[in-house]
Structure formats: C-alpha cells, structure tokens
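The structures considered in this document are given below.
Next come two complexes built around chain A: one with chain B, the other with chain C.
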Partner chain A sequence: MDVGLLGQYVANGLMLGVIYAMVAVGFTLFFGVLDIIKFSHGDVLTVGAFTGLATFIGLQMIGVASPWFQVFIIIIVAVAATGFLGALIAKYLVLPLRSAPPLNILLLTLMLGAALRECVRLFYPQGANPKPFPRLLPQDSLALGSFTLRLDNVILLGAGIGAIAAVHLVITRTRLGLAIRAVAQDAETARIMGIHFDRVVLLTFALGSGLAALAGVMNGLYYNEINFSIGLLLGVIGFSAAVVGGLGNIYGAILGGFLFAALQTIGAVLLPAIFPGLPSAYKDVFAFAVVIGFMAWRPTGLIAERTAERV
Partner chain B sequence: MRISFLACAAAIALAGSAFAQQKQTVKLAFIGPLTGGVSANGIGGRNSADLAVRLRNEDPKAKYKYELVSLDDECKPNIAVQAATKAASDKSVIAGVTHYCSVTAIATVDTYHKFGFPVVVWGAVLPDITYRNKYAEVHRVNGTMINQNDVAAKFMTGQGFKRWVVIHDTTDYGKAHDKYFTEYLTKYGGQVVGRFGVTADQQDFTAELTKAKELKPEVIYFGGLTPIGVRIRSQMERLGIHAVFQGTSGIKSDSYIEGLGNKLAEGSLSFIEGAPWEKLPGGLYFTGKYAQAKYDQGPEAYGPFAFAAATLLMDTIEKVGPDRKRVIAELAKVKDKESIIGKITFDDHGQNIVPLISKYVAQDGKWMIWEDSEYGKGTRKLK
Partner chain C sequence: MNLIPGLIGIAAIAAYSYLFLHAESQGAVLGLVALAAVGVPILGRFGWIGQASRSLENNQAAGRVVIAVALAALVWLFREENFAMLMVASVLFYTVACLGLTVQFGYAGVVNFAGAAFLGVGGYTSAMLAPHLPHVLVLAIGGLLAALVGSILILPILRTRGHYAALITVAFGILFRQFVEVNDALGGPQGLQVKGMSLFGWDLNSPIGEFSFYTNYVVAGLALTALAFILVRRLERSWVGLNLDAVRLDETACAVFGIDVARWKILAFTFGNFFAGVAGAAYAMMTGFVAPNSFTFADSLIMVSIILLGGLGNAWGVALAAAIMLVLPEKLQALQEYRFLLYAVLVIVILMARPQGLIPRRSREYFS
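After this line comes the complex of A and B, so read on.
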C-alpha cells in the first residue's frame, strides 16, 4: 500500500479516536470518582452539540460574522451549559441515590439518556431531522501524493488532544485534581481530611460533561452535521473504549478510544478485502467482537486502575 | 305574522346549510416520512397530496368532501407497519397514498393486502413492492429502479466513464440499486472496481472512501438516500477524491443541495422515473397551484407523484363511491389515465408503466434537467 494512503487511514483513525477518547475520558472520570456508570453521557454530548448549534444561530441573528469568534463562543456556551447540566444530574439524580444499589443508578442514567434524547428530538425546532452544522474552520487542504491534509482536521485533532491533556493536567497538577483523586481513592477519608465531597463530585461531573460537549461540537464541525441520536452510538463506543482501556484510568480511556477507531478502520478496509461480498457495514461488528475478545483476555482493561484492597 | 316569517327564514337557512353540508366526507390516508433525514421528501409529498385534496374540495362538481389523514412512517419499517395498520384498520379511511422509502413500502404491502386496503405508492422505487407479490391492493404511480439504473448506466458509459466505485446502503433498497446498476453497467461496458455496503445511518465513511481513493474511480455511484449521500459527498471532498458523484432518485432532493452547499453539490447526478414534469402542462399547473397554496416547503422530486396518486384515488372514488373493494376493482382498469406526470397505465401487478427516465445534474444550487443544463450543452464538464 502507498504510504500516502496509509497516512490517510492513520489520519482518519486519529480523528475518530480523539472524539471517542474524549467521550471515554468522561466515563472514566465518573467511574473513578463515584464508581458509577453514567449511561446518559452520550446524550449529554448530543445536548452539547445542539447547544453549540443554537448558539451559532443566535450569533448569526445578532450579526456576529467572524468564524473564529463564533467557534470560540459556541465552545464556551456549549461547554458551560452542558457542564452545568452534568452538575445538575450529579446533584439531583446521582448523589441522592449514592447509597442505592449500583443497578439503580445505571438504570436511572439510562432512562435519563433516553429522556434527554427525546427532549432534543421534540423541543429543538424540527429536532427529528439531521441538522447541518456550520463549516466554521478553514477548509484549506494540502495534497501530499495520495494523502490529503486538511487544516480543519489538524485544528480539530489538536483541540481534542489539547482538551484531553488539559483534563489530565487538571487531575494531576491542581488542587481540584488532588481532591478528585482523593475522593476517587477513598471518599470517607477525603471527607475527614476536609475535602468537600459533594462539591468535588459536582465539579467532576461538570468537567466530564463539558468535555462531552466539546466532543459534540467537534463532531459537528468535522462531519458538518448533527442529529438527535449521535450520542447513542458515541456513548456505547466511548463506554466500550473506557472499559477495554481500563475503566477508571484516564490513559486507559485514551488508549481505548484510539484502539476502537483503529479497529473500525481496519474492519472497514480489511473485511471486504478478505471476505469479498462482506460489506464494510460489518466494521462495527468486527470492532465490538475484538473488544469482547480483549475483555475476555484482560477483564480489568488494558491499563487497569491501580487499586489496593486491604483484608 | 312576524313570527311565521322568522320561522320560514330560519327553516330556509337551515335547509341551505344542510344542503351545503350534505356531501359525505371521505378520508384518504397519506403515509410518508414526515420526520427524520428524508422528511423534506415526506413533507413535500404530504403537501402535494394535501393540495390535490384542497383542489378537489374546491370543485363544486365533486360528489364527496375529502379529508387527508397524514401519518408519519419515519422511513422505518416498524413504524410504517404501525401507521399502515392504523390507517387500514380505520374503516372510514377508504384508500392511501403511501410511502417514499422502499424499506417502508415493502414492509407494509402484506398489511394492506390483509386489510383489503387500496394504496397507491407515490415514491418508493424498489421493484419488489409491486412485483414480489400480486396484491390487487398495491399500486404505484412512479417507476421502479430497474429502468432508472438501465438509463443511468447507459448514459454514464456514453459520457466516456469507465471505472466506478459503488457505495450502497445495506437495506433492500440500497442492495437492489447495487444489483441493477452493476448488471446494466457490465452490459454497457463499464467496470465496478470496488463496492462498499454501508449502514443506512452511518456517520463516518472515511475508511471506505480512502479505500475507494486507492482504486482511482472516475465515478462514485451511490445507491441510498439523501442523508448519507450528503455525508459521503462531503467526506469525498475532505479526502480530496476528485470523482463524479452519481446518485439515484434517492438524492433528488433540495435538501441534498442545502446540506452540501452549492459548491460541493455541483455536478452531482441523479435519475428519476417519469417525464421531466416541470415541462409538462400538468406539471406547470401543479407548480402554479403549489406556489399559490404557500406551503412552507417545496414539493420535492416526488411531490407530483403524490399529487397524481391522490388525484387518481379521488377520481376513482368519485366514479365508484367510497368502497374499498370497488376502488380496488376500478384501479385494476386504469389505462392511459391523464395525470400531471403523464399517462398512467397499471400493469397486472399495479405498476405504472413509465417508459421515460429523466436525468438531472446539480448546477449552481439547483437540480437541472441534463439536456437543459450547461453540462448537457457542453459548456461545463463533469469532473
């Protein structure tokens, strides 16, 4: 295979991978802090993307024309609004059920996801229809043989990696991160040491949800289209990526995201080549099957969360 | 004396209003995708059927007052069966103008047959809808994809293209497009160098398109509907694939051009059954009346077919009365019936025999009839 095409596959996979990794990092944050699986995470991403689109329409109406300024405001509003939604979910739905069986929270967030999805469908004007997302980033491209490098792809990839790195820095280098890690390790001891448990949980949910909103806006800017069900598959893929990487471990979530994207790309290209007549539509079947294989091989994930249990 | 005068006036007024209301109300169902990715086509079809009903109700010679009951099939087979059952099980609904999506039309034929509910399909092109069974209830005013792909393959090979990559969705609709197009392309000397079956709600096509890029096709043929057509064309640009984008009737929609913008849509091709109705006298009448009615959205490509289907059903009911069995029996006799889409003749499977296929190209943000376009006249080239 030509090097240019190989580079193109890698670039495509990296773009997909960074979006999956951003969703997976959210799952891992929630699990790390509260040991819960928030199944509404994908739909929170949808809310973020639609908030971004509504903001764009608002900016158009008031006459803001600069694409860079539009992107900036869209991201700020989407991340802030969705982060606030995440904190609300934590305060009124997750924290009150903290002592309930984990299955209850799982079911609750699953139903919340369906409710959010339906709200977008019903309350956003003509929300059942796919919505064109504006092309706000520069469309310039550079052809290097059979490899085409788009400036908007580079910007989105950089933004995604930057966002994940920023979350990582917050977790590892700040007082908030220290508090999050303390709560994740032992909530009771953290409380005794003076950490405001509820506040840390709310901020963690706001952080994870804000990251999902950014992923939603990036998804819109990349594909130039969003619809009310984008979060459904992204949520499942993000969760699978977090699990296969090692739920609770941020590096695991990143690895899982890129791994899943690589599996989809390989599935789309190799399946029809190896089995003529088999459509590339089976790429998701292939990717999920391999993930099942990984989970059987490493049940705690490729990079398991470091835990110590004293007996 | 005064009291008796008032009583007489009241009696005359009541008799007058009773006379005005004495027309029996007959319900017709419209079923199509009113929400979802292809809702522009569904709403265009619904508006067109509604226009036919409005015009008929304005006609003082009409024996009945008609009411259109609109149901959304969301372009999903399970939802369509629910909508079909709802319409067919309501005895007050006499007949239906049904389905734009092939997956919904094929899923519901058994329901219509079971309930003895006469329908005229207005947009779905899968041949099996009329030809898999011989159901007296099922008719179709638009043509099938067989002729469409025959003409498409002959036309494109005639333009000098030789290498194709086929991308189709993996529904019966997409697979049938792949089957018939490949069959005719091979017959006319073209070559399919790669084939990709994708899901009907897929978002990312970069892996398939990168593989397609490697195969260096001159044309990418797409057998599917507008939403993923928009995504594929958009991602072709993203990957720097310079091939002609050839769609089917499934992308002949204003929302295809709106979704891509004029620049990206430029030069895309689509093929649709029937004469170019914009040029027929009936077509001009339709567009004029549609504009007068001030609907929010345009009729889209299959609106005239929905209008023709609704008109045909109302003509039939006018003739034989609001009785499902009689309507079915009468529809079986339809031959050379004038309509805005040309003459309608149903064969023994209820399929309108439409010999003509129209070719369209997107030019400057509009679908233009090929022969009238600058591409057809040779001043622009497909690339």
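After this line comes the complex of A and C, so read on.
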C-alpha cells in the first residue's frame, strides 16, 4: 500500500482517537465519583456541538468576522453552557437516584439521552436535517510526497490532547482534583474529612460535560457537518472505549479511545485488503465484534478497576 | 372470596380499552388519558384495585375464563377495523418478546439491551425462510436462530458483571443493525419483503368476510401470547424460577449453596432470546417487510422500558406496559412527532416517582 495513503489513514485514526478519548474520559470521571454510567453523555456532546453552531450564527449576526475570535467564543460558550447542563443533570436526575439499582440509573440516563436528542431534533430550527458546520480553522496544507498534512487537523489534534492533559492536571494537581479523587476512593470518608460531596459531584459532571462539548465542537470542525444523532454512536463508542480501558481509570479511557479508533481504521483498511469483496462499511461491525471478544478475555478492561485508586 | 370485584375490574379494563381504541378525536383521547391518570390512583386509594386483584387470584380458573371472554368481546367489536387490530396485534407480539426479556432481566438478572436485535434475527429468518418452509416451523427456527446468535454472547456475559455486561449487549445491538444495513444479501438499508403468515393451510393475509385481515393476526397473536404467558408463569412458579431469582439476588450466596450460576444465566438468556426471535418472526410476517431501521438501539430501549414500566418480573405488567407504550403514541396523533420524547420523559418520570413499576411483582407465596 502507498505510504501517503497509509499516513492519511493514521492521521484520520488519530483524530478520531482523540475525540473518542475525550468522550471516554467523561464516562470514566462520572464512574469514578458516583459509580454510575451516565449514558446521556453522547447526547450532551450533541447539545454542545449545537450550542457551538448557534453561537457561531449569533456571532455572525452581530458582525464578528475574525475566525480565531469566533472559535474562541464558540468554545467558551459551548463548554460553559454544556458544563452547566451536565451539573443540572447531576443535581436533579442523577444524585436523587444514587441509591437506586444500577439498572434504573442506566435506563434513566439512556432515556435522558433520547430526550436530549429528540429536543435537538424537534426544537432546533430544522434540527432533523444535517447542519453544515463552519470551517473556521486555516485550511492550509503541507504536502509531504503523496501525504498531505492539513493544518486544521494538526490544530484539532493538539487541542484535543491539550484538553485531556489539562483535565489530567486538574485531577492530579489541584485541590478540586484532590477532592474528586478522594470522593472516588471513598465517598463516606471524604465527607467526614469535610469535602462537600454534592459540590464535587456537580463540578465533576460539569468538567466531563464541558470536555464532551469541546469534543462535539471539534467533531463539527473536523467533519464540517453535525446532525442530531452524532451523540448516539459517539456515546456508545466512548462508553466502549472507557470500558475496554477499564472504568474509572483516566489512562485507560485514553488508551481505549485510541484503540477503538485503531480498530475502526483497521476494519476500514485492512479487512477489504485481506478479504477482497468485503466492503469497508463493515468497520463498525468489526470494531464492536472485537470489543465484545475483548470483554470475554479481559472482563474488567485493560487497566482493571481497583478500589484503592480510581480516576 | 367472591368473584364480583374481579369481574367488575376486568369489565372496567375492557370498557376502557374499547373506548380508547374507539376514540377518534384528540380531545377524547386526552380525556381518557386524564381519566386513567386521575382515576387509577383514586381507585387504589380506596383499595378497590387490591380487592379486584385478590379476587382474581383466589378464583384463578374463573378469572381466566372471564379474561378470555373479555378479550374475545374486544376482538369481536373491532373485527373490521384495520388500524385497531394492527395495534392490538403489535402489542401482542411485543408482549411475547418482552416476556422473554422479563425472564432475562426480571428473573435471572441478566441484562440485555439488544432486544430489538433478537427480534430482528427472527424477522430476517422469516424473510429468508417463509417462502420455503411451513410457517410454524419458520417461527420455531426464528426463535432457535435468535437463541443461537445469542449464544455467541454467552461467554462474554458470563465473564462480566454490571456495566461491563450491559456494554456487551449494547455493542451487539449496534453491531447487528450495522451488519444488516451493509449486508447486501439481507437487502441492505431497504430490507426485505416478507411473505404473509399461513398456519396449517390458513392464509392469514386473506380476510374472512368483512373482517380486517389483521384480525387473523390478532387471533394468532393471542394464541402465541397465551402460550408464552403460561410458559413464563409456570417457569416463575417452578423450582427453575426459584433458582433464577436466587441467581439475581445474590450470585455469591447461590454459588455457596451449590446452585450453578452459569447454567441458570445461560438458560434464562437463551430462553428470552428464543421468545424475542419467535415474536420477531411473527411480527415480520404481519407487517410484510423487515428493514434495519426497525431494529435500532432505540427499539431495544423501548422494549426495556416496557418491562421496567410494567414492573420488573411481572408478566401482567408487561402486557399493560406494552399496550401503553405502543398504543398511546399512535392514538395521540398530535404527539406523533414527539413520541420518542414522550417515551423518554414518561420513563424518566416513572423511574423517579415509582421505580418499582406500574404493577410491582409480588413476593412468592407458597403456603396460601
């Protein structure tokens, strides 16, 4: 196979991987503090992406033209609004049900996701149709032989890695991070030590949801199109990535995200090469089949969940 | 105890169903929904619902006859109405599939978020085999194939717990839909035509006299539902059901007492998928086509919502919840566009306000 084409696939896979990893980190954060799976996470991402788009339209209306400034404002508004939404969900839906059976919480958040998705479809103007997302990043590209490196991809990849690194720093180096880790380790003891449990949970949900909003905006900037159902598949993939990596472990989530992207890329490139006649559309079938098989081999993920150290 | 309260209860439910299926205007439908929402809690407050259900429990044989008569009367009244009969038949087939899920979720505690996929295995089986084999056999093969496909998941499900097990079925549900969508032999995104059902030389698609041909499917669906119902109720009452309950409540304790946890989980999972497969095969023959879009993750969620809404592990609750979830959005035309939102909000409200479901499962009684 041509090296340039291979490079293109690798670049694409890395891009997908960083978006998946951002979603997976959210799942793993929520699982860490509350031991629950918040399945509406993917649809929170959709809300973030649509908030970004609405902000862009608003900025155009008031006549802001600088693309960099637009991107900056879009990200600030989307992350803040979605973070707030995440905190609201935690306060009014998740925390009251904390002691309910896990199945009920899983179903509640699944249904919440469906409700958010439907709200975007029904109440965003013409929300049922795919929406073009503006190209705001510089479109210059660098040709390296047959491989073209697009500048906007490099920026997005850097931004994604930067965001994950920032979250990691927050968790390992700040007082809030210390509180989050304490709650994850033992909520009861954390409370006795004077940590405001509810506030930590709300801030964690805001943090994870903000990260999802950023992933949603990045997804829009990368594909230049968003629709109301992007969150469903991204949510399931993010969940898979978090589980494959090992729930509650931030490194596992990152690893899982890139692993899933690698599986999809392999499914799209390698499978048709090995079995001629097999269309590359089987990439998701292949990726999910490997995930199922993997779970039979490592039932608690690559980096197994430990009670002593989560998040 | 006398039969009168139970009789009145069943008559009231039948009359309500009649009015609801009959209601044409949006105002009438909304009025009936409001009536149920206000009336049922009031009746419960007076203890009348408890009285009626106790009366039926104490006169089981007579109760069954009364229920059969009420059902037959309803079918007779709507025999010429295509739409009403289609809805009733859909509710019946969904009830069969959800009874299967009840065995998995409610008894053994094995989660399955891929119900629609197993429904789909049955549906595609009948699309492929209906022109070649007797249809009773097709239904059975649909169920067997669903159970066989499900057996791929047994190893990962046995090895995992909780959220990890949930992921496996979620991933499988999405995998199945993607697979049938890209597979050209199975019709791709357009799906396949399915031949109408014919049982023992009786072509269900040719109407008898003035009747709607869906009435035939309602009769077949009733037979299938009754069979599934009896099987599930017997299973629940038997030592098998007792073992399944034990596995759900505490796996460790079970293992200590020598109960083979893996065996019962496999049994419940296979049994449930078989039901979903049979229901899917029958449903596909009724609607006349199968397409990937009928077997999405959202459809699996609707099935799980039905069993949770009805009350986990309660067979009667499944039938009631299936009726509510399937008929209500069809009837409220104004809300047709908003139906998924309605489902989602309804389930969220139920989970917050009444997590045990509409008709909670009662604990076992051995000495009554």
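FYI, the second predicted complex is superposed on the first by the 304 of 311 C-alpha atoms of A that agree within 3 Å, B and C clash if a C-alpha of one lies under 4 Å from a C-alpha of the other, contacts with A are read in each partner's own complex, and residues count from 1 in each chain.
Convention: a residue touches a chain if its C-beta (ideal position, glycine included) is under 8 Å from a C-beta of that chain, and two chains touch if they have at least 3 such contacts.
Just so you know, these numbers come straight off a predicted model, no measurement behind them.
By the touch criterion defined above, A:Leu106 reaches chain C but does not reach chain B. When both complexes are overlaid on chain A, the residue A:Ala115 reaches chain C alone and has no touch with chain B.
In the overlay built on the shared chain, the residue A:Asn12 is in contact with chain B alone; chain C does not reach it. Residue contacts after overlaying the shared chain place A:Ala289 against chain C, while chain B stays out of touching range. Judged by the touch definition given at the top, the superposed model places A:Pro279 against both chain B and chain C.
With both structures placed on the common chain, the touch criterion links A:Gln185 to neither chain B nor chain C. Overlaid on A, the two complexes show chain B and chain C touching the same residues of chain A, namely 233, 279, 281, 284. Here chain A touches chain C in the complex through residues 31, 37, 93, 96-97, 100-104, 106-108, 110-112, 114-115, 118-119, 122, 232-233, 236, 239-240, 243, 247, 279, 281-282, 284-285, 288-289, 291-293, 295-296, 299-301, going by the rule given at the top. Interface residues of chain C facing chain A in the complex, by the touch rule stated above, are 105, 111, 152-153, 155-156, 159-164, 166-168, 170-172, 174-175, 178-179, 181-182, 297-298, 301, 304-305, 308, 337-338, 340-341, 343-345, 347-348, 351-352, 355.
Residue ranges of chain B in contact with chain A, taken from their complex: 35-37, 39-40, 74, 170, 195-199, 201-204, 206-208, 210-211, 213-214, 227, 230-231, 234-235, 238-240, 258-259, 261.
Across the complex, chain A meets chain B through its residues 1-2, 5, 8-9, 12, 15-16, 126, 128-130, 132, 135, 141, 143, 146, 148, 150, 153, 223-225, 227, 229-230, 233, 264-265, 268-269, 272, 279-281, 283-284.
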